[in-house]
Structures are given as structure tokens and as C-alpha cells.
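Per-chain numbering from 1; labels A, B, C and D assigned in written order.
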Amino acid sequence: MKKRQLKIAVIGGGSSYTPELIDGLIRYHDMFPVADLYLVDIEAGAEKLKVVGDLAQRMIDASGKPIKLHLTLDRREAIRGADFVTTQIRVGMLDARSRDEKIPLAHHLIGQETTGAGGFAKALRTIPVILDICKDIEELAPDAFMINFTNPAGLVTEAVSKYSRVKSVGLCNLPISTKMQIAELYGVPQTEMYIEIVGINHLHWTTRVMIDGKEMTGDFLDKLSGAKGISMANIPDLEWDAEFIQSLGALPCAYHRYYYMKEEMLREIMEHYEATGKTRADEVKEVEAELFELYKQPALTSKPPQLEKRGGAYYSEAAVQLMKSIYNDTGDIQTVNVRNQGIIPCLPDNVAIEVNCVIKSDGPHALSLSHPLPPQIRGLLQVVKAYEELTVEAAVHGDYAAALQALTIHPLVGDEQTAKALLNDLLEQNSGFLPQFQVRSGQTL
Amino acid sequence: MKKRQLKIAVIGGGSSYTPELIDGLIRYHDMFPVADLYLVDIEAGAEKLKVVGDLAQRMIDASGKPIKLHLTLDRREAIRGADFVTTQIRVGMLDARSRDEKIPLAHHLIGQETTGAGGFAKALRTIPVILDICKDIEELAPDAFMINFTNPAGLVTEAVSKYSRVKSVGLCNLPISTKMQIAELYGVPQTEMYIEIVGINHLHWTTRVMIDGKEMTGDFLDKLSGAKGISMANIPDLEWDAEFIQSLGALPCAYHRYYYMKEEMLREIMEHYEATGKTRADEVKEVEAELFELYKQPALTSKPPQLEKRGGAYYSEAAVQLMKSIYNDTGDIQTVNVRNQGIIPCLPDNVAIEVNCVIKSDGPHALSLSHPLPPQIRGLLQVVKAYEELTVEAAVHGDYAAALQALTIHPLVGDEQTAKALLNDLLEQNSGFLPQFQVRSGQTL
Amino acid sequence: MKKRQLKIAVIGGGSSYTPELIDGLIRYHDMFPVADLYLVDIEAGAEKLKVVGDLAQRMIDASGKPIKLHLTLDRREAIRGADFVTTQIRVGMLDARSRDEKIPLAHHLIGQETTGAGGFAKALRTIPVILDICKDIEELAPDAFMINFTNPAGLVTEAVSKYSRVKSVGLCNLPISTKMQIAELYGVPQTEMYIEIVGINHLHWTTRVMIDGKEMTGDFLDKLSGAKGISMANIPDLEWDAEFIQSLGALPCAYHRYYYMKEEMLREIMEHYEATGKTRADEVKEVEAELFELYKQPALTSKPPQLEKRGGAYYSEAAVQLMKSIYNDTGDIQTVNVRNQGIIPCLPDNVAIEVNCVIKSDGPHALSLSHPLPPQIRGLLQVVKAYEELTVEAAVHGDYAAALQALTIHPLVGDEQTAKALLNDLLEQNSGFLPQFQVRSGQTL
Amino acid sequence: MKKRQLKIAVIGGGSSYTPELIDGLIRYHDMFPVADLYLVDIEAGAEKLKVVGDLAQRMIDASGKPIKLHLTLDRREAIRGADFVTTQIRVGMLDARSRDEKIPLAHHLIGQETTGAGGFAKALRTIPVILDICKDIEELAPDAFMINFTNPAGLVTEAVSKYSRVKSVGLCNLPISTKMQIAELYGVPQTEMYIEIVGINHLHWTTRVMIDGKEMTGDFLDKLSGAKGISMANIPDLEWDAEFIQSLGALPCAYHRYYYMKEEMLREIMEHYEATGKTRADEVKEVEAELFELYKQPALTSKPPQLEKRGGAYYSEAAVQLMKSIYNDTGDIQTVNVRNQGIIPCLPDNVAIEVNCVIKSDGPHALSLSHPLPPQIRGLLQVVKAYEELTVEAAVHGDYAAALQALTIHPLVGDEQTAKALLNDLLEQNSGFLPQFQVRSGQTL
């Protein structure tokens, strides 16, 4: 018999995304009967937690679902005995993200939340905190699944898989968005469509499309050519070149624009920054301020449509679908981040990958690929994964050498002199959040 | 839109198993709407085809399903434009099987239909005929799936995968039987159970059992110890030793008894043969004769219960479930024979394996293993697979050297002197069915 | 008994490098007794062949060695029955190289003979010609070894290995130069030193140094830090950063400067070009003109010291050492380009790699690596190798899609828009040398 | 500068083989200048140590070489600061070996010192003692090479590689014997011959023969057919079948007779035992008694020719050649036991294999194979290696389950019921030597 009194702990519960999640938990309550929902945050997030928590309570009340909501600053209390722990934290908050975006720009490099040097800095700040959470889970809820939504989700998942015993799955709303947009393109329900997604978080390719059981990959590539393709709210929306897509033989993900259209993306970001003095983080801050004003309105008892602008579309969909499928042992296919174990044979066994998995009660089981990866996908995937492996080591051990090599081989940096100056800037401006580099940085900076 | 006028060709349609299949096609007709069903056989099987075909027609009539039945000796007509081609052929018929069982016994070795020297001889006879069928499919029904039920199913699937372009899946009723018996053991419906099966046809292990989403593998091994475990109608039913099962860490399949209990199995077979003068094939002949008498009775309009004794339990279940899931793009998990492609990393990529697969409209997608295989499973699996690789080469090319080495390294032979004498006997007694060895055998025998 | 009447065919015999080779063949004649030496060139190189051939004859005469020299424009005559065929061709001659260097510069990218877009264009021109030579060897000298000195040597070796049956080894003077410079650094003879070189042509790392049997890798990295390291005549000589070398844990090769110091290298090349209007090819043309004037002097009977400036230092050393070791079945260790076959497990089996090999009469046997490659080496190596795989396909099949993807993922390009414009320029300006792209380019350009 | 004061520790110095080793150390003293030679043994071997030590001293005196001989029962004193530690121990002495040979016979299985159940029991006794020696080496001579001659040498090398940090090489006289016999067959000096040996200790194949730089493998297989092939003093000398050798495509090693001619070998051993009441160990005891009588003769100042009968031919050759090549950083090719690391891709990376290696000052560097292994070699190799992996675990951890599975999958056992009875016998009769099984065996036996 399945447990009917589920406990969920949401680490970073004061996030502006939380109403998304609450909405999903309410909508799917029949199939995923949460009894106790803990929203936990740190002291600095107490005020946001209060606002979000009050809205969450109003949403639950309006739904009539028997979900008991708990707001707390005591992480261990939240985790103790939980069935699922979700994380959506932002170490250093949006100010840190703003720096992540600006420091690379000062070196004439793309500054982005999860990709390149920005994502690198975020990983250094975030991974030690997540591993600390994992220690609590190992002690207080050893059977819990950790559903990690915290970015950079691939790097975080890999760190957890390498340095803890927690059962964890890394999750992103990009695959589910891709699916929805392709379904829309073909005018079919998702259930009549199957797509093969392969790669790593924020660097995956859609290598196959089947509609109603028919192979449509060639047709799909034709359709895509020249179109704007799949996009995300937070990524400038440049068109893909038809010939390029055909020669690639797959649909790149939205974040691929930072690689394949590096020059133009840099130019756009730079122009925008120079024109407005703002990066995406600065704009998100404004959106968030507005959202929190909305959240405070006592009449609001559902997630406001403005939340979509924030970039969190389908977030609850992805998270609740995953937990629901684990809970119900559903056996449906979702695209999540898991340990490789030979599924992508050109990558090491112990790294995190983002692929189609069957979701069972013991978590995701990856599906074998329909075709071997062609060299154009393989090469880019391998070099970015090597960057990720080095970044995980740097983040866990405060290893300056690994950090320097990580940035040096990253395709968006690719120069050791640039990498070194950039790294020193990142370490200095993040020094309050990088205790693991403290001792070393005294020596090396 | 899915095609509503499915055509199925059943090669070897005169088989005594056919009523099983008809039964399944009738039961699942709503979800797998067969319009045209061709039963095809060779001249020598014309009489059996008539008997079986008449019964099939009566079964269809009684069901009221709109299935149009065609009986034919023209294989190309049956295959042309088919959506699915199933094979259930027996080259040399039961007389050949009887020899397969007796020749090894004369060398003091286990003689069995699919395992060891018996299965080897069957592979030599069968693979060229199957590849010939594949040529017809490539020409006349290039989009058809071939569902291969012909034994030795793993060897046949591997040969088809290596030497033809036909989309084929190898199928066996052993995995589905194992699932049913474990479900019964736990008193749960199959839908609340998940087991992980890994290996090759007739040599797979059940390495994991989950009941209602809970890990029960340890409990399952405890339960098994001392019990008779999973059995098949055609395999002597010896008890597994408790300590052995615990040390193995998995449930062996029924055919493993020929390996792990080699001595006792040989003794039992030998004693039985000496006492009765009969091997299993001889008994099956009698069962078949009775079955055909039954089949002839005009009042019979359903498959008779006696068919189960024949060993075909769940045959229709396995075959129809697979075709139904492909047709409906179901995405459920079934255990079938597919090309390895890295799923079992200790075996070559291009060999056939038997593992859990998600069944989509384009066929099976193998699932990654939960755990790496332990050495005790790996070693036996590898040596038997090497035997299979050699056997495929021997069967396709009439390669005496490959044949000699295949038998020499087979764990049930394992001696080159024995292997050579045995091989020469097998080639001589099967000479009418082995044109590929003709030229050579003139020289080598 | 070893053959005492060796025949060598030198394809591209009119090269200014040839006196180097003649010098080596004379010096080592006792151990590598060449009887017939064919210098062969194309019609357009007839004059240079005459000049070089005359010098070669004077060198041989002065040496008193019984080498019979043959000058010919008939390639098949030269190859027929040869024991070794060396290639040192330059399709399109130095004018093409000059374009290879200038076209990328026009796109603000590094233009270099073998690395990046320049090497890519050279590969497209060269590979079909080399494969044509291979057809002659397959027919006229099937037992011959082809010693390929033609750049880009790694790409050419891979193409030969994938698309011909000729026994070939790719050779470069960079490993032997590295060895000599490290031996000098330590003041020991090469025989008391062992270094481990691993990677691909013009992108290898020295990962280990042993002096007199002692592990000195750490000491070596210390020594290197801040020093200019190993250099080549044709590569700007920038210092490596101490911390970078330590974090890399290996000595990069000279060509690594184009990757690790991309920005500074581009700046230097650009400044030099803007100041002088010349690239390296233009300067080499001048050096060559001077060399050929020297070569014409009847009094000259040895290779002139000016040849070193040309960049060919140790060329004869590398080539003659290799042929001598094959001929004598020496079993010494040399660093050459061979098929991978698992030696570098993170690369495909069928690609060319540059590693330490034991040289026996049947050619090179690669040595296993002392340590797995760290991610910083692995990632860069993998992406450049993927570029090479695509480039080989593009060169052999005139495949525009492969060409576009090759340039897109190359770390010195890395942007699809840039790659496309660059590719179209390269194809257009090389159209006379790329018959394989003819048909397509009509459509795509 | 190389060290000129080498210290060697010989663990098991009282062995009858020691005069072989002394002979080698004297002969090669110029190139391998041993200054201090420690023969160490346990209390029970004190008397043999005295006899052998006295002979060794007389041999050294007669040679005039400046080798200082030390006899001791203090292992730590012998190991402290040693440059090389060789092991040639026999836990339980010849009585234990006699049991190893007889217990399997009682179960109608081959009983042999290193192969099958006998070698298994020897591994259980020996591995813990060797790992104990390794702890001393790690502490007292961390830079020393351990040259392991103790059987089963492959299993012991694998255990050391997996469970200690000692630099070790496993050594056997079988490869060097094979080389000598093939050289004799062709009437050439070994220096003009190259053979490729691949596999694991006592289960390797000679897959390639080159004479004077020419491929002679086909010719070699022809020559072998019908001949007695390569033999060892201690293995019954049955002829290989011509057709079998051709189909195998390689020369099996002498120990392969236990596999490929299992039945005949068992019959021969059994007949011999029944006729004489003796196994090989019993005969060796007699040979040893005679040898020790010889050793005692004061006039004897060299190794007596009778020693060859003992089976130790070329032992000193193999051991001293290896140490000499390490000491002199020779770079010659020898066949030794090392960690796999991808050289045999069908085996795990961390297992011991026996292959051609270049011997440098840092030890052996394995050479890549000329050709992938064919299935007939691969399958047998894999199953025996899986047995070895399980046996190492059983020996190190006293793991009954691993022991039971090891015997079950061994091709010379291959039946779980037989394996269990046999294992219980082996554990009981060796109980004094298997402290690691003590606790368990109380429960399980």
C-alpha cells in the first residue's frame, strides 16, 4: 500500500516560484496526496517566506485540499522524515546573479545565469550549500528523493551524485517546454508525440521526433529551418539558420544560442546592457518586486499570470509530474538529469546527463539512445562536460587549479589568460560565498 | 491516424501453437485490430496448416471479430505489405529436435532443444531459413516488424540484426512467465510489480524485484531459497539451493538449471531416456498428435486447455502484447531480445540481449540497468554470448572452424575433443538441412 | 634475411625539405641501406625537382654511398615495388597556404597552416590527393609502408586509415623536437630520458618526464613555469604562465598556444600582418626562394644550415629513424600517429592519435598510458578530434554539412554564423582544388 | 646516476628454486649489481634456508662477485630499504599442494597447483600472506618493486594491485619458455623473433609470430598442427589437434590443456594417481628431497642440472631479466602480469592481465594488441577472469558467497552442487591456513 501521508520539504520556500509549485500540488492532489508541506528558507529570506507562505495558504484554502502548510526557518525540521525534498535556492540571491552576468561582460564574454562563467560562479557558490543539505537528508530522511531544481541543475546533480548518498534527480523546465512547443507545432496532444532528448542540462539536443507513432525527424528539421525554433523567456530569440539545422541533424536547445551564435548573443547582451545599464538579473529583480506586491494582495488566491514572465513556465508541471510518477510508480517517460552509466558512451559513467527516463517508484531509469551521437554533437558535449567535471571538483574542494582549467577549456572562454583574470575577479567578488576557497585565495589572489 | 487494416503474416502457421496466438488476437482485437491474418506454411506442413486453419476459422467465427483468415503456402503473398510478420518455424520438424536431444546424450552431454549442442544444431538449421524470410520482408514489407518466436530466439535475433535490415524483435514466453509466477508469489497483480530481467535468451537473471514500488529483492531471494523457484513445463524441476541463490544475488531462469545443476540435469535426462527410450521431443510429438486430434473436432471453437502442457503458456500473451504495444505506441515495459548497444557494457554492442524495454511505435527502447552485473553473472553470460557469436558465424557462413570453437567453449561441452566428435555427428545427421556446410563438409568430415 | 636493396619513393620530391631527408638517408645508410631513391613530383614542380635532385645527387656523390637517385614525374613508376613511400606534398603550393592564413584573418580568426580554419582548408585540398596516391600503393606496392609527413598529418593519417588499406604512419617533427629540447633542459642524452607524449598531431601534451629512470614530472613542471617552454620556428614564442602549467599538469605543445593563448596569438599575427602585409607563408616563400638559389650552387654538397629556418629541423631525423626502426625491427620507442584502438579510451577506436609507440618491423605498436587523461586534457582533445572526424568526412565526400559542423565546433571558430561565412570563403577561394565539392558548391554557395 | 648498491629481498628464500635465482644474479651481475641479497624465510623453513643459503654462499664465492648474502627469519629487516622484493612462497608447503591436487580428484575434477579448484585453494591461502608482506613494503621500502613469482601469480598480482599501493609485477616462466621453444622451432635467436602473447597468467594465447620481421603466424599454426606444441615439465604432454589449432587461430599455452582437453587430462591424472597413489606434489616432494641432499654437498658451487626437472627452467632468466631491465631502463619487451587499463578491452580495467610490455625504469608499459581478440579466446578468457575476480574477493574478505560463485562458474567445475561440496571440503581441509574464513566457516560449514 502506498503511503497516504506524504511530507514534502521545499528548500528555498520563499522563492517567487513557489506559487507555481503550490498550484501544481493542488491540481494533482488526487494523484499525489501531500499531507504536510514545509516551506523552509534562511533568515535572510524570512520576509519573502512570510509573503509567499500566506499566499500559499490562501491558495490551499481556496482549493479545499487537505494540505497542511508549515513555514519554517529550521531546515532540519523540514527535512526530517520527508518523502520528497525539493530545492530551489539561490545562494547570494539576485545580487550575486547580477554580478555573475556583469563580471564576464567586463572581460568581453557572455555573462549568463547558468552558462559559461556566470553559471560557473553560481556552481561554486551553490554546490557546497546543496551538499550540506544532502548531509541533513542522509541523516534525517535517508529514503527521501531530492528533486533538485536549483541551477546550474546539471552541475548540482553531478555533485550530489558524486559526493553524497542521497537519491536525487535534477530537473529543468526546458525539456517539458520543448515538448509542449513541438506538440503545438504539430497540433497534437503530447500523448501522441515522442521526442528523444539527449545531452546535459541546458545543452541538450532533440535528436528525434515521432508524431502519432511515425518517424517525423526529417520533416521536423525542415519545419524548424528558418523558424525561431524553441525559445525561453530569458534567452534572446535569434533565428536558427536553415542549413545549419539541417547539417546539425537535431534541434539545439535554447541555451545553444550562447554557443552556436556566440558573437551575436554577446553583441545583443552587450548592447542591451549598455543601453539600459541592466542585465537579466536586474530585470528579474523588478519583476520579482512586482510579483511580491501582487502576492501580498489578500484577494489573490491563485498563482498570478505574471509569474510566467519570470521564466518559470511549466516549473510546477515538471516538478509535480516527476514526484507524482515516482509516487505512483507510473512508468511514463520524462527527461531528467541522472548519472550516465553508459547511456551516452562517449561520456564518463559517473557524470550527470539529461536524457529520457522511465519514471518508476525507485526513480528514473534511463533509456538507450536510438542512434549514436554524431561527432558535431559529441565534441561540444564532451568539452562542456569536461568543464563541468572540473567545476564540480573546484566547487567541492576549493581547487583553484581545477577552476582555472575549467574556465580555460570552456568554449565561451577558451583562453588561459582571459580565464585567469576572469577567475580572479569571480573569486574576489564572490569571496563572501566561497569559504572553500578562503585559505587558497589568500595565497593565490 | 493509426492504420485500421492491419495485416499479419504468421510464418509456420501450421504450428500447434497457432491457436494460442489466435486466442490472443481475438481477445485483444479492440486494441489491435487485425483485418487480414495470413497463416503460411511449407508444403510438408500443408496438412497441419489445414487442421489448424480450420480451428482458427471456427475460433474467429465464434468470436465475431472481423478478422479475415487466409491459409497459404505462398510465403511471399503472405508477407507482401504485412505490418507484422511472426515466425514460429521448426526446420526439420520434431524429428530434427529429437536428434538434437539424442546426439549430445550419446556423447554424455545434455541434449536440449535450445541450450547447448541441441540448440546449436537448431541454430545451424534455422538461421539460413530465417535470413531467407528476411530477404522477402526487405523486399515486400520493408516497414514490417518481424516478431521472432522461433528458437533459439536469441541466436536468431542476433543473426537477423547482423545480417539483414529487417526491424526485428526476439520474443520468448519465459520472461512473461517469470513475471506471472513472481506476481503470484506475492499475491499482487502484475501492474503493481516491477522486476528487472537481464541477460540473453534462455539465460537471463532476475536481478531486482519491486512490489508496489518497494524494493523487495532481498526478501525475494529469501523467499526463493529452497523453493522450486520459477519453472517451465519442459524443464526438469529441481530445487535451488538456498545458499547458492543468496550468493548469486539473483533468480536464475529455468534454463540455468542446465548450467548450475549440470550433473543432476544430465543424470535426470539420461535416466528418463534410458527408462522410456524417449526424449522431450518424442513426448511432444505425442502431445502434438493428441492436440491435432482435438483440433480436428468441429465442436472445438477455442484453444483447448491441453495446449498448456505443450509449453506454450503465455505465448499469445507475449506476442500479442508486444504487437499491440508497438501498434498503440504504448510505452509499457516488456522484456524482449534487442541489439545491445551498450546496455550490457561487458558484451559487444552488436549482439542480441534480453532486457527490459519500453515499447514504442518504433519498437523496443532498452532500459539502463539499475546496477552493474556482478562477476558471477558477467562471466557466464560472456562465455555463452561468445559461443553465440561463433554460432551465428557458423550458421551464416557454413564456417566449420567457428562451429568447432563455438562448441568447444560452450560450458556444457568445454572440451575440444568432445566438441569435434559431437560437431561431426551433428553435421552428418543434419546434412539434409545444412546446405551452407555442404561444400566444406565434403572436405572436413 | 633482411632485404638489402631497398627502394624508397619520395612523393613531393621537389620540396625544399628534401635535402634534409637526403642528409638523413646518407648518415644512416649503414643501418638503412637504400639502393634506389625515387624523387617524384608533379609537372608544376618539375623545375624545383631538377634543382633539388641535382643537389641530392651531389650530396650522394660526396658521401660515397651506393644510393641510386631517380628523378621522375611518373608517380606510378616511383611507387612500383617500393618498400617505403614518403609523402611531403603541398596541394596548391605556398599560394594556397597564404590564402589559408589570410582568409581566417579576414574573419578575425587565427589563420595557421595546420590549426583551425587554415588547416581545415589544407585538409580538404590534400586528403583526396593522398587517397589517390594510396590507390597506387595498394596496386603497385601493397607491402610498402607509407610514411606521411604531409600536413595536417593527423587528419591525413586518419583519412588513410579509414579509407584505404595502405599500411601508413603519420609523422611530425614536433615530438622529436620536444624530446631534444627537454634533453637539453636537463643536460642529458636522449637515451637517458623518457617522456610520455599523448594527444593528436599538433595537439599533444607531454604528461610525464623521467630522467635517468627517475620520475621528474613535478620538477619538470616547476622548471617550465615562466620559461618559454618548447618552441617551433614557425610559432610565435609566448611564455606560458606558471600557474597555468601547474594546473594543467602537463607541457602543452607549441601549437597549443593557438588555443590556450588564442587572443594574444591572434593579436600578434594580426599586428604582424598589418605591419608587414605578410603572413608566415609569404615569408616562407622568400626563405624558399633563397634556399633554391643556394641549392643551385654547384659547390654545395650538403644541406645548408639555412634550411633549419624553414622549420624542418629534425625532419630527416624523424623520418629516417622511423624507417630505420621498421627495417631493422628495432623495438625502440617513437612518437607517431596511429589508429587509436583503445589506447586513448575517451576517443573512438578508429581515429588517429599521436602517442608513444614501439617500432617493430610490422610498424608501430602503441603503448598504454601511464595515467588516465585528466578532464582538462580530455575535453579539449575530444572536441578537436570531433572536428577532425567531421573534416575527414567533408574532405573525402565533399560533404558541405560535415564541413559546416566541423568549423562550427572548432574551438578557434565556435560560432555557426562565422563558420558559414568562413566556409563559403574557403570553398570559393579553393575551388580549383576541391573537385569533391564541385557539384554541391554550385548549389550551396 | 643509477644506484650501485642494490638491495634485494627474496621472500621464501629457502625455496629449492633459489639456486636458479642466485645463478641469474651472478651471471647478470655486471648489468644488475646486487650488493646485498637477503634470503628470508619463516621459522618452519629455517632448515631449508640454511641449506640453500650455504649453497648460495658457495656459488657467490666461486663467482667472485661482490654480493653480500644475508640469511634471516626477520622479514622486516630483509625488506627495509630494499630496491626489489621477490616472493616465492608456498603457504602450507607441499603438503597443502598435495591436498589441492587430491581434493578435486575426489570430486572427479582436475586437481592442479594453479588451475581450477587447486589454484583456487592456493589463492585463498596465499593472498592474505602476500598482502601482509605488502604492508611491510609500503612501510619499509615504499619505492621497491615487488616481483611476484608466487602462484597463482595472476590472482596474486591482481590482489596486490587492488588492495595495496606496492608497485608490483607478476612473473611466470611460461612466456619465456614459449619464446625459447618457438625460437628453437624456427632455429633463430630470440632477438630475431617477436611473438604476441595475450591473456592472463596460465591462460594466455600466442596470437602472432614474426620471424626476422616477417609475419609468420599462418606458417606457425601449420607447423604446430599435430605437433606436441609447447610444453611444461609439470603438465601432461598431449598433442593438439591440427584442425582445432587452425580454428583457434592461436597457440594455446600449456595450461590450456586442462580446459581444451579436460576429459583426457582428468583421465590421465586420475590413472596416474590410481596407479601410483601420488600426485605431482608428492613427486615434487621426492625431487625436492633429492635436491636438498644435492644442495648439502660442500663441493657443489653451482645450480645442479637436476633443478630443471623441478619445473623452474628459465625462472632466474625471467626474474633477473625483469629486474635488470627495470634497473637499466632498458625498454625491451617482456611478457608480464600487469593491471589491464584498457589493453584487453573486453576485461575490466582493474584486473591483472599477462601481455607484452616494454620494461622501463618505472616498470612495465603494456603494448596495444595487434588485433582484437576473436570470440573463442574472448569467451574463455572472460569467464576465467570473472572466476579470478570472485576468488580475489573471497581470499581478501573471507567471503563464502564469492568463493561459492567463483567455483561455480569455473569451467573446470561449472556446477553449483559440485562447487559447494568441493568448497566445503577445501575450507575444512585448509582451515589452519584460512583465518579470514574462521568466523564464517563456524556458521556456514
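Rule of thumb we're sticking to: a contact is a pair of C-beta atoms (placed from the backbone, for glycine too) under 8 Å apart; a residue touches a chain by one contact, two chains touch by 3 or more.
These numbers were taken from a predicted model, which means no experiment stands behind them.
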{"item": "CA centroid of chain A to CA centroid of chain C, Å", "value": "45"}
{"item": "Whole-Å gap between the CA centroids of chain B and chain C", "value": "55"}
{"item": "Interface hub residues of chain A, defined as touching at least two other chains", "value": "none"}
{"item": "Pairwise touch network: line, ring, star, complete, or other", "value": "ring"}
{"item": "Pairs of chains, among all present, that meet the touch criterion", "value": "A-B, A-C, B-D, C-D"}
{"item": "Chain C partner contacts - residues on chain A that touch it in the complex", "value": "241, 243-244, 246-249, 259-264, 346, 374-376, 378-380, 382-387, 389-390, 400-402, 404-406, 408-409, 411, 414-418, 420, 444"}
{"item": "List of chain D residues in touch with chain C within their complex", "value": "1-2, 192, 194, 210, 212-215, 327, 329, 331-333, 341-343, 345, 358, 360-362, 365-370"}
